[in-house]
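Naming follows writing order (A, B, C and D), and every chain is counted from residue 1.
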Amino acid sequence: MARGDGLLNHDLLPGEKGPQDECGVFGVWAPGEEVAKLTYYGLYALQHRGQESAGIATSDGARINVYKDMGLVSQVFDENTLNSMHGQLAVGHCRYSTTGASHWANAQPTLGPTQTGTVALAHNGNLTNSADLADMVTAKQQAEGGKVRGEIAQGNTTDTALVTALLAGAEGQSLEETAMELLPKIQGAFCFVFMNEDTLYAARDPHGVRPLVLGRLNRGWVVASEQPALATVGASFIREIEPGEMIAIDENGVRSTHFAEATPKGCVFEYVYLARPDAAIAGRSVYESRVEMGRQLARENNAEADIVIPVPESGTPAAIGYAEESGIPFTHGFVKNAYVGRTFIQPSQTLRQLGIKLKLNALETVLRGKRVVVVDDSIVRGNTQRAVVRMLREAGAAEVHVKISSPPVKWPCFYGIDFASRAELIANGAAVDEIATSIGADSLAYISEDGMIEATRQPRERLCTACFTGDYPIALPNEERRGKNLLERSNQPGCEPGPDSEFENVS
Amino acid sequence: MARGDGLLNHDLLPGEKGPQDECGVFGVWAPGEEVAKLTYYGLYALQHRGQESAGIATSDGARINVYKDMGLVSQVFDENTLNSMHGQLAVGHCRYSTTGASHWANAQPTLGPTQTGTVALAHNGNLTNSADLADMVTAKQQAEGGKVRGEIAQGNTTDTALVTALLAGAEGQSLEETAMELLPKIQGAFCFVFMNEDTLYAARDPHGVRPLVLGRLNRGWVVASEQPALATVGASFIREIEPGEMIAIDENGVRSTHFAEATPKGCVFEYVYLARPDAAIAGRSVYESRVEMGRQLARENNAEADIVIPVPESGTPAAIGYAEESGIPFTHGFVKNAYVGRTFIQPSQTLRQLGIKLKLNALETVLRGKRVVVVDDSIVRGNTQRAVVRMLREAGAAEVHVKISSPPVKWPCFYGIDFASRAELIANGAAVDEIATSIGADSLAYISEDGMIEATRQPRERLCTACFTGDYPIALPNEERRGKNLLERSNQPGCEPGPDSEFENVS
Amino acid sequence: MARGDGLLNHDLLPGEKGPQDECGVFGVWAPGEEVAKLTYYGLYALQHRGQESAGIATSDGARINVYKDMGLVSQVFDENTLNSMHGQLAVGHCRYSTTGASHWANAQPTLGPTQTGTVALAHNGNLTNSADLADMVTAKQQAEGGKVRGEIAQGNTTDTALVTALLAGAEGQSLEETAMELLPKIQGAFCFVFMNEDTLYAARDPHGVRPLVLGRLNRGWVVASEQPALATVGASFIREIEPGEMIAIDENGVRSTHFAEATPKGCVFEYVYLARPDAAIAGRSVYESRVEMGRQLARENNAEADIVIPVPESGTPAAIGYAEESGIPFTHGFVKNAYVGRTFIQPSQTLRQLGIKLKLNALETVLRGKRVVVVDDSIVRGNTQRAVVRMLREAGAAEVHVKISSPPVKWPCFYGIDFASRAELIANGAAVDEIATSIGADSLAYISEDGMIEATRQPRERLCTACFTGDYPIALPNEERRGKNLLERSNQPGCEPGPDSEFENVS
Amino acid sequence: MARGDGLLNHDLLPGEKGPQDECGVFGVWAPGEEVAKLTYYGLYALQHRGQESAGIATSDGARINVYKDMGLVSQVFDENTLNSMHGQLAVGHCRYSTTGASHWANAQPTLGPTQTGTVALAHNGNLTNSADLADMVTAKQQAEGGKVRGEIAQGNTTDTALVTALLAGAEGQSLEETAMELLPKIQGAFCFVFMNEDTLYAARDPHGVRPLVLGRLNRGWVVASEQPALATVGASFIREIEPGEMIAIDENGVRSTHFAEATPKGCVFEYVYLARPDAAIAGRSVYESRVEMGRQLARENNAEADIVIPVPESGTPAAIGYAEESGIPFTHGFVKNAYVGRTFIQPSQTLRQLGIKLKLNALETVLRGKRVVVVDDSIVRGNTQRAVVRMLREAGAAEVHVKISSPPVKWPCFYGIDFASRAELIANGAAVDEIATSIGADSLAYISEDGMIEATRQPRERLCTACFTGDYPIALPNEERRGKNLLERSNQPGCEPGPDSEFENVS
């Protein structure tokens, strides 16, 4: 797979997007600091988690202000906008979402009324009982005389809009009370970062599927999807928000309450691909996990070869581990354009036929005549790998052995990742040797499930491995629809999938 | 140094820009193709050579149209602009230039009159007899009755504007005749890509200091500063434009003439840092050169250490070579934010004091307690390396050994690179051990001059090594001013230095 | 923490001020001596208790004269001013206060009318029933026909102004009678030093939260916040003013009365950090307490290490004790600029980016490769410790173990210390190991609460430990507001917090 | 001795000033930086070398601007003054000088004419052939027709004014040529930092008596008397200026020339007391030297004692070393007022009789009944030690053993330190046991000369030890006056001595 943020991610091969992962959430409580800008930088560090819309809400203690739009964080916000967003606390969000004006409303943070003011909510994850929540909203509206308030009234029907609407609460209820009442009723994977005028809240589902961390500014506190966002804004890591925990941050400091017992099921795919390599999850370095996956891959599936190269950037740590364990020299076989990821002009069909290569360029002098092990983190549809193998062969590689540092992805994720529809998953219809043939490789090997899990240093029972095993730890929505409709397309309202990459030309 | 193009570049350590290298030039002759878009992609592939302004001129056979502005290629052009630029041939340019409205005029391509129409010119390099050229322009104006035409009339007094003005030629002269008469009179390092309404021209100085290549489209021709720009637009590499050669491309194909005898003096710094690693210059892979520099560095200056890491991205190939030769494992010690390089909001002073880190994040779990060899390609001011060493120490590195895959940079470049003023070059006032102290390293070693040259596989006499040796192969402007004035500041009008990087926050 | 008084003081790590402690009060009755100068020197010895404004009032027996301004004692007063302040008795004050003209009025001593003349009052502490006092002032004004006199008429609404206004008393009442009537009605922590034209008074709240001592000059008497102020002016220590005691000093000597029963609750933080090390409180040497805290810390939390160093100056006694108990050699790891604390030019942003270090410089030769125990007295926000750890690592320390000679500060003080808002207290949102991570230490250990108390040699029930335990011995203002509003900000009008230290550059 | 900068110095016992050491010099070449402010901070870090006047000269490339006055750096300069001093390069100076308006002219930098403009010069050291230089000035004036220019015309007759006058040079001579011609003719100990409009120069005498270092800013260069001034301004240490070397810094970088052969004779008293402990001289850490002197002192002269305490701050490192070697516990016996060093109101005679103690306060609880080893760095007049012993005894010490980490100071310094007149040196008229009696100690021991030298890790022949041995490595002025007049008073025009401290009351 190839997406590539930081060392390791961000769409780099056109024609295949990585998993449409999730969203990034960020919150800051820091009176006296420029909270909008801190949120901006925090989202910039979380950009790899969602590149299609970005938003920030700030509160100056009396009023909440929100600004959100389609695009990268750096495209959505300019200096003037940020400067106009005064406040003491803020929440921000970046997400995958379908492009186009009609989906603007789906950008986050989402606003809604509370008994005393406004709530702004940012969400990373995916809920599995949206239907129940929608019923609750309907019931609530009827009880209140049909008044529909908040973004849901404007047609926003996402998970996030439902939760925001329910946070309105009942008369006399504080936001905190409402949240403590509501959170146990929400099923699925969620990390909510929300605030009213004066308090920042963060809540993580009882399974802790997605990461959420607490950090310390010199004079304030930060919550973020991943640890590197803390470093980016100059905050130090304190701890993870615990599964089933809600924290509140205001002038009294950090208060913690648990709305449910923790039954941790951390997403193993965060270790494999989603999180930044400089993140740590449940105390385990993601980079180290990936290097170890590469080592394990070499132990399990060594090959006779001359060089080990990564599919940049996401395959790099595993390739380093593979090379170390196998003794085969590590080198680069591709150069990635440093400006990949910027929005730019799409090649027309005519241009595509010329064979435009905007992302990767193979290093012929490195590859010619060589038996190449090329390491990637995962295979979803197989298109990236097919393009990679073709480029390697065109550059003269004698043999191409593809090594994948995760097992075959066979099952959709209902907890916040949009891999593809199940039918699109190549491993869901082809055996390993068939996939090898399909992508044109001399050989193909995946790491074993055990090997992958061992590399995360987490007990198996504390991980969600559903995309590899089909073993879903959280009840799926409307079980009866499972076999047929729902698995067709894994995209859920929490983080809607975009269409395929705008870069459909493969190389 | 840290700049980062392709695999290896783009400013990533703030506080120090890499050398303000040069410009990128591109030309295409391809009736029936979308030449503006091809040029756009070509410049996108050459973006690392100049990130402060971009421009494209197209000709539809009858009229030349130009569009240029400050900013990255992706910022200057949008779909509409490109769609409006019809044509059969085009030239493009990206360059370093000072920001600000007053310097807009210095963006290229530059337009000027010819006897029959218009010329559009893009230039990479730096001329050393600008004064003579200016005299020629004055003489010409006087001879013609004082009529001043072209951009020079608008106050553009760059090298490029002078050459453009002189390309106006004399009555009855074709552009080609004028060029053949003019080119031998121009001294310095230059790659000109220019065109009139129907013909694309490219010329390279007799020393061939800067690279310039010819490529083949299915139905047309391309010239570009570097080979990877060919691959990017789907063109295949044909050959380099030879030193002292001018080519003309029109409906009759490619014509070649030589305006001067070739005495090659290719810039060794292209191998070290400037060119994309996937480029090849004089037949030698830049990537291979860099890996070999790393191997040689290990042979010359090995260290007892636990890991070898690069300063990403520019130090990566040499680090790979170093690790290979020394047997010390290669790994990553830093993660670079994948979105670095995008224009974004500058942190205010208040935010800087929080310790915001927008570019690099050290991998503590990799570094803690380790003896680290960190490899970079060059040291200019030393600020990047100082920041790198500090980050490594803060992350717990037990020892930090800095290895540099080029010799100390001591002399300014008069041929198109703006390193810094001479006084800013740290090696121009400090010995190696003193630089080690200054950057806080336990040890510092540079490759030898011989070692670097050997790695390029070029004969020493075909290379310009002036920045390392002070041995200038091309006469400097007004030799008598050399000792005092000229060395003051190496930036020359050909590619004026920009202001400091927008990323001034150091880590 | 780093502030530094006496052996151990003065803000030295920018970016974090120590607790905005309290104020210093001083009074002298010594006809025939230069009372203004004696007060000046007394305040100079108490400067560590308040560095933002200073004032002296003198009485020549007939008239009271006051001079006060923002700044250090040495900045506020010059020779001429002091020479012009004749008298037989004087009171003085140094305090934290917000800067700016609008707050000048809050400087002390505060003047007010009495039935027969004028009272000048200086206050160290914080009142918890200001609202009640304000009501009393209003009632009094209404009873007297609305006449508002004294500084309260000029908009000074501090605790001190309220008390001063109430000291006006009723017709026919002496100041002493008024005070004896008023003092039992005042709640909170207070040390009042006040005078009318001929008599010096001093009163300490029944809990004796803040220290107040009586000393003997050759020909007069002195009262001061701390014992070392006595030594400084050549006075010998007599005794502490007792909790609930008021003394009056005039030509008849010292008279003592008790306005309330003593229920001592001495501030434990005076032993930890606030008081000068050469002070003694309740008979216990502060220096000895701190050394003993260090010894106890070593007993409770020893570490394998090569050297023990203090965070200068506040960590020095505990570091000495730690080294003694652990057997690990004591040395210095930092050098502090001797001129720190002087007002000087603030570095501009540009200069800060150069990495200017105005306060501490690490001793590389001492630290390189060493496992370091670094001892500090307390952690408030954690910023100082973070900076300290970073400097130690940059200087090459192999391991950094932080030892703190007080327990985690988790609660605001309502009795005269402005630690920070509760949310700013790092221990109020992070566990010990999380704080260790946040400050970058290999380990972090605090002394136990019992260990700290034992080191003071005071019975636990005679100490206020609220900042560590949340157990507030004196009724808080408007108990019902406690949970929410009052904890918002611990700074109270008695000693308002200043803005950040002028030294914001972190290292 | 007690002076106390940084960890270790600055007048702390009234009644005795430390040696009136020398001056501090600073220079910076950094176009684009705020050179005046950098110089200000540099002088702030060198303040311990001269506290009676301060000055800065800046050049903007065309004109030189100077501002100087009596007082501490922080007193002489305010924000407005510094902001008005624009420039690309600057020199600064802080010095001991007699107080009072009449000596204002002696403050530095000193201005003088050159053939093409102006020179500004700052000097640390003392010349021994001033008479010759004065003759040269006279000769020059006569040759030029009696024209007297520069500060010497205004009655400034210091060494520095003479050198400045001679730097005027002859017609057609550049400043550099003039300096290279002049420097070999100057005898004594000198560090000159000077500049004309565009170039910064630094020269150190062939004996290298005083330290002078070169540092690197991100975009410029710095010279300073001591290394810590580099750290203070964010510069990294490059190397020492070599004895007999002159360097020039301009837009071409750093040029080095040698005007005389190096015969190093570094001042041993820099290691003992003068330099900041965080300095390194000739590669040897001053702090380490002092700790080692303490260890050696313990080896040579151990005592039966209960505690080892320093005379703060200058005795601290040696006390730490003494304690370590002897096994006797280190602690503090004195607390120093943190605000010492600020100019403040002098106590009148009346107040002095009260026994005012403005600097040190003894810790009775530590000292009572204890056999005390008190360590100081040196004894000049003996007054400090006498006061110290008295305070220790008053605090109840059972025995007082004074240990001095340098040998007896018996000889005046002609190379830049003003110890006192020879007659004032107590060791110049009393044997060790007599001094012990004089200061009231139970015993007194000095380190041996060999022990001191060994602790510096310098070869004896590369040190000047004249103040201890009378062995003067540089020819003294007018040898015939030596025995009688000159030794009477060591103060020389280079750094004139001030009168005795304003704080004459001893404790």
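One rule holds for everything that comes next: a contact is a pair of C-beta atoms (placed from the backbone, for glycine too) under 8 Å apart; a residue touches a chain by one contact, two chains touch by 3 or more.
Keep in mind that what you see is a predicted model, and the values were worked out from it rather than measured.
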item	value
Other chains in touch with both chain A and chain B	C
Farthest-lying chain, centroid of Cα atoms versus that of chain C	B
Shared interface numbering between chain D and chain B [over half = same, under half = different]	different
Where chain B and chain D are represented by their mean Cα positions, the distance between them in whole Å	50
Whole-Å gap between the CA centroids of chain C and chain D	36
Distance from chain D to chain A - Cα centre to Cα centre, in angstrom	61
Multi-chain contact sites of chain A, meaning residues that touch two or more partners	218
Graph class of chain-chain contacts, one of line, ring, star, complete, other	other
Listing of all chain pairs that touch each other, if any do	A-B, A-C, B-C, B-D, C-D
Touch list for chain C against partner chain B, complex	15, 349, 352-353, 369, 390, 393-394, 396, 398, 440, 504, 506
Residues of chain A touching chain B in the complex	4-10, 33-34, 37-38, 40-41, 44-45, 47-48, 72-74, 77-79, 82, 217-218, 228, 231-235, 276-278, 280, 285, 287-288, 291, 312-313, 316-317, 320, 323-324, 329-332, 334-339, 341-348, 350-351, 354-358, 361-366
Complex contacts: residues of chain C adjacent to chain A	15-16, 381-383, 386, 420-426, 428-431, 434-435, 437-440, 483-484, 487-489
Complex interface listing, chain D residues touching chain B	29, 31, 214-216, 218-221, 236-239, 249-254
